[in-house]
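Take a look at the following structure, please.
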Amino acid sequence: MGKTSKLRLGLVAGALAAALAANALPAAAQPAAAPAAIERGKILTQPNVFGLFTTLKLNASWNAVPAKARMAAADEVKRLVEKHKDNVLVDIYLTRGLETQSDYFLRVHAYDLAKAQTFMRELRATTVGRHSEVTETLVGITKGLNYITKDQSPGLNAGLFSATYSGDAPRYALMVPVKKSAEWWNKPLEDRLKEIETHTAPTLAFLVNVKRKLYHSTGIDDTDFITYFETNDLLAFNNLMIALASVPENKYHVRWGSPTVLGTIHSPENVIKALAE
Amino acid sequence: MGKTSKLRLGLVAGALAAALAANALPAAAQPAAAPAAIERGKILTQPNVFGLFTTLKLNASWNAVPAKARMAAADEVKRLVEKHKDNVLVDIYLTRGLETQSDYFLRVHAYDLAKAQTFMRELRATTVGRHSEVTETLVGITKGLNYITKDQSPGLNAGLFSATYSGDAPRYALMVPVKKSAEWWNKPLEDRLKEIETHTAPTLAFLVNVKRKLYHSTGIDDTDFITYFETNDLLAFNNLMIALASVPENKYHVRWGSPTVLGTIHSPENVIKALAE
Amino acid sequence: MGKTSKLRLGLVAGALAAALAANALPAAAQPAAAPAAIERGKILTQPNVFGLFTTLKLNASWNAVPAKARMAAADEVKRLVEKHKDNVLVDIYLTRGLETQSDYFLRVHAYDLAKAQTFMRELRATTVGRHSEVTETLVGITKGLNYITKDQSPGLNAGLFSATYSGDAPRYALMVPVKKSAEWWNKPLEDRLKEIETHTAPTLAFLVNVKRKLYHSTGIDDTDFITYFETNDLLAFNNLMIALASVPENKYHVRWGSPTVLGTIHSPENVIKALAE
Amino acid sequence: MGKTSKLRLGLVAGALAAALAANALPAAAQPAAAPAAIERGKILTQPNVFGLFTTLKLNASWNAVPAKARMAAADEVKRLVEKHKDNVLVDIYLTRGLETQSDYFLRVHAYDLAKAQTFMRELRATTVGRHSEVTETLVGITKGLNYITKDQSPGLNAGLFSATYSGDAPRYALMVPVKKSAEWWNKPLEDRLKEIETHTAPTLAFLVNVKRKLYHSTGIDDTDFITYFETNDLLAFNNLMIALASVPENKYHVRWGSPTVLGTIHSPENVIKALAE
Amino acid sequence: MGKTSKLRLGLVAGALAAALAANALPAAAQPAAAPAAIERGKILTQPNVFGLFTTLKLNASWNAVPAKARMAAADEVKRLVEKHKDNVLVDIYLTRGLETQSDYFLRVHAYDLAKAQTFMRELRATTVGRHSEVTETLVGITKGLNYITKDQSPGLNAGLFSATYSGDAPRYALMVPVKKSAEWWNKPLEDRLKEIETHTAPTLAFLVNVKRKLYHSTGIDDTDFITYFETNDLLAFNNLMIALASVPENKYHVRWGSPTVLGTIHSPENVIKALAE
């Protein structure tokens, strides 16, 4: 912050300094170096990775596509995913029957957002893409933990890393956007840390049956966070969300859901096949 | 909560503990064991059952379907319901004429939500389904009573179970989503119990002419509850809802309705026939 | 309320008792007995009558209907109204040119809501109905006066009944939904009575040039009331509404309009003819 | 208010009396007598005149109309305006390129609103009208000044009448709806007068380059006022609006814009020609 | 303000005078004189320049345009931009894949807004324009600095001008509308200056990797400001926006985004080509 040190920084102490501290990444942080090919195990755990979420709804025109061409559309998507495998990791979920605004949704990970855009643009040019309307798009970036770090909250940090998912293979995926109020962002770091600790504690019991991943979106989209979940136990998930609703941090939400998107987990081609039947 | 006991749980006492207590189901509760075939009497009274509500609106293209094919669509739906009878219980209600956003709505019960999704996906592939647009979808789970239990509120609990519906067969079904504020979820259990007692007392007088069923949706959808009613006396229902509006619990609603969906009760094939005429 | 008397009713005194008192109709009140045929003079003044309001907008496809068939559609609607005259009273208003979301709207009165639904369903199957989209539907029930009764407010009650409409035949009809806040419904009856008296007093001067009718909708639709007006003097109506905006009761509105629907009064066939030209 | 004098009017003193006083028009005021033919200079300055604002958007089908027929549509509109010249004064503005929800908008003045409706209905039946969708409609009535009268605020009243527009011929027209809160309408007249004085003072400096006209809509539409502006200096207009945002009266706005509609000023046929190219 | 000096200006002191002072441009300021031809370097740095932002979404009909004609559409746009180069500066960004409501967006600069309208109208008549729907349009004007001037805030002013963008060529453009509350606009200038200083300080560190441009829209559109950014480092941008969310000024936002529009930077013809593939 060289130059700014000469300025009237007394004005910006307090909340601001805390805010910057809480986002310890340097302003000009570089994206994670892209490996030769996308490795699922790596890209899903690294910081500085883009997550592009898109929900799509089939137009009525899809019904007029001949059955054979609809089925071939599944292979076309499979080939497209294969073609872009060095640039993006693609997951597709089936929402038809469970959602109003979509029939399927994509979660695309990339080190370079422009490459995720290219993949999505080409998907829109496939048979199924041409008959689909995009109904929601959210872009986020992964980061290291902001609050529950080893230094700031050692007990909860240990808790987060000592329990792992041990349920059946998850059959359900959920995407839930979160936006927080100006009051939240203006609170001192210590206060936000306390609230997030209170928020985190009840989630530990659910680590065994609900997986969770967080993307940061402030300014890139009209949300602050995209929260993503996988589970095979929707009752447990419901109880987890009630626990999260019941802590003071919830008072600072200006968006939590809207939409909440619930889909089932299948391979990309099987999602398209299910929609082609 | 084994591991968390070592953490700084002083932070999460109060409201949180109460919240968890109020949702006494263990985090990893199993869905109710599915019987060999779905039995209406059982599935409508058990906890841990999924309720999938979907409203649909006919496209203008429906008018262009030949009258004979429109009528055949009713049988097609009947056969589909029969085909899935071991997996889902299907109710369909006629809303055309009473609603803006729909012509009919479905209430589908299942022990396994993925099976309800499969039914809905196949319904969308039928003649009437291909000419329909989904306009609302809500997913909930049934649970045991949270507040008015024998232990916590014995008098009202007895009241709930001592009166039964004694009016004419209900001709009307209503679906009303409910979402509560962060302030509500953060109140101590004792306070919420008192509010729910005040909410419940005036409802007892209406047990004779309004049936009621509750589904829990927090986190699964953008609502906390789906309330479902059947009645043959809409004036009594209106008076019941005014009574519920007039208790303090109403101050914690951030969504009550939006949409309120009102339909008439018929067999699935008769709903489609009415729309085919 | 027999059984509930043994319960912890101390919890539900105060506001609740007042609320029930204010809605003195017994929970299981029967609909008004239907006369042999619908009589306009009766059904428009009786309590326990359903009012179904529906706004409709013509699709672009209406322009492609041959002019002769469009004109024949007016007679078709006339015959349908005649066919259902023992079950429903039908008014149709022309909104094209005055509204965004509709070209015409219907007010249908019935002793049995299911019969109003049947009429609307058959209307949707007529020529003009098939080319129309429903853009708003509200259902209400008429009741006796809640507040300004002979007992509770004798002076204003006398005022309400001593002045009658004496202007030219009304050419304009307006439909305005009203929803009140939880704060309103939780106020003691005496407080609400005072507010409604303050609300009513300035309306008396307008009884000579604005007709008014009230329908109750709480729980049946996403509104508490549907207010309906007829006038030939829109300036007087505007002044009346400013007077109503200027009393404290207005502070408890969470919906007042949205939509406000303004149409002109014609016979049903003339409304369709005007749209057919 | 003859009869009401016997009622419990102590209840309605204060704010209500003030509100009525501020709207000094008698409840049954007659519309201004219509002259033999509409005179622009008169109808634009008289009270009790209806202003009907309608924004329209061309459907995609407009592109399929042959170029010659599109151009002929301009003459058709010109002839329609001529045909109705004894009943309505019609202005049309071009918004394509400047607005999302419209390509053009109409401002129609009439002594009798039903005649404005008839004109709009016939416009919808012309070639361009058949390919247009109405996206907003607002109806208002002109009145004399409510607050800044010679009696109540002589200095500002003189200011309003001593400055006149002296810029280049305005090329831009703006329509901005305004709705005020229940708190505003419940303030005593003296308080509202003070706020409107504070609101009016900074506008005087802009009388030389921004023209302004006000329509009253409370109860007739979901807005209280329609404000209409013409200017050739959008920077001055922007500064005027910032000045108006910066006075306390702004705190009572529940709607200011939404939509703000900005168009350019041309003759009716030239607007349609521009859209036909 | 000559004439107004005789009025009761005691009423409009305080906040109003401050507001006018903060917008030091005289009411009748003239637009910047247009040079013979638009020069990018000039028009992007001058005050009193119009910025017209428009997002567009391709209709399904675009898919039916033959591939050759879709590709020719790119040249057609290029020629149109060339044709209008003396009147407007045109930038086009690709949003397909990153946004829900658009496939591309335009930023058009002009000294005369009517000329930007003419360009947009002609664009809508091109092949790609005819198959596009406008989904958002915002109009703003550039001005000199309001708060962080040499006089009012010399330190921060120096900071703003001493750092320049030094990252890789930006690949991303973002458009974010901002609207502030009545409370904001009613604050005294000194208070707003302090808040903007607190807002500005943390942005200095990001001048090296985020470019920023501001347009004023109060009254011209339903927003107060249009903020435009270019960057090649979306993580830095996200951190910048978190810093801005964390200062008190954020509490006065009634709109910040909604929509946030994110696109990639290409030449106009390359954007259309990408959509034509």
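Going in written order, the chains are labelled A, B, C, D and E, and every chain counts its residues from 1.
Here, a residue touches a chain if its C-beta (ideal position, glycine included) is under 8 Å from a C-beta of that chain, and two chains touch if they have at least 3 such contacts.
All figures in this text were calculated on a predicted structure; none of them were measured in a lab.
Among the remaining chains, not one touches subunit B and also subunit C.
Between subunit B and subunit D, the least number of touching-chain steps is 2. Between the CA-based centres of subunit A and subunit E the separation comes to 29 Å, rounded to the whole angstrom.
Averaging Cα coordinates per chain places subunit C and subunit E 46 Å apart.
Counting partner chains per residue, subunit E has no residue touching two or more of them. Taken chain by chain, the contacts form a single closed ring in which each chain touches exactly two others. Listing the residues of subunit C that touch subunit D in their complex gives 60, 63, 94, 96-100, 153, 155-156, 158-159, 162-163, 167, 171-172, 174, 176, 194, 197-198, 201-202, 204-206, 208-209, 233-248, 250-251, 253, 257-260, 262, 264, 274-275, 277.
Of all residues in subunit B, only 1, 3-4, 6-9, 11-12, 15-16, 18-20, 23, 25, 27-29, 31, 48, 50, 52, 54, 59, 61, 113-114, 116-122, 124-125, 130, 133-137, 139, 141, 182-183, 185-186, 216-222, 224 touch subunit A in the complex they form.
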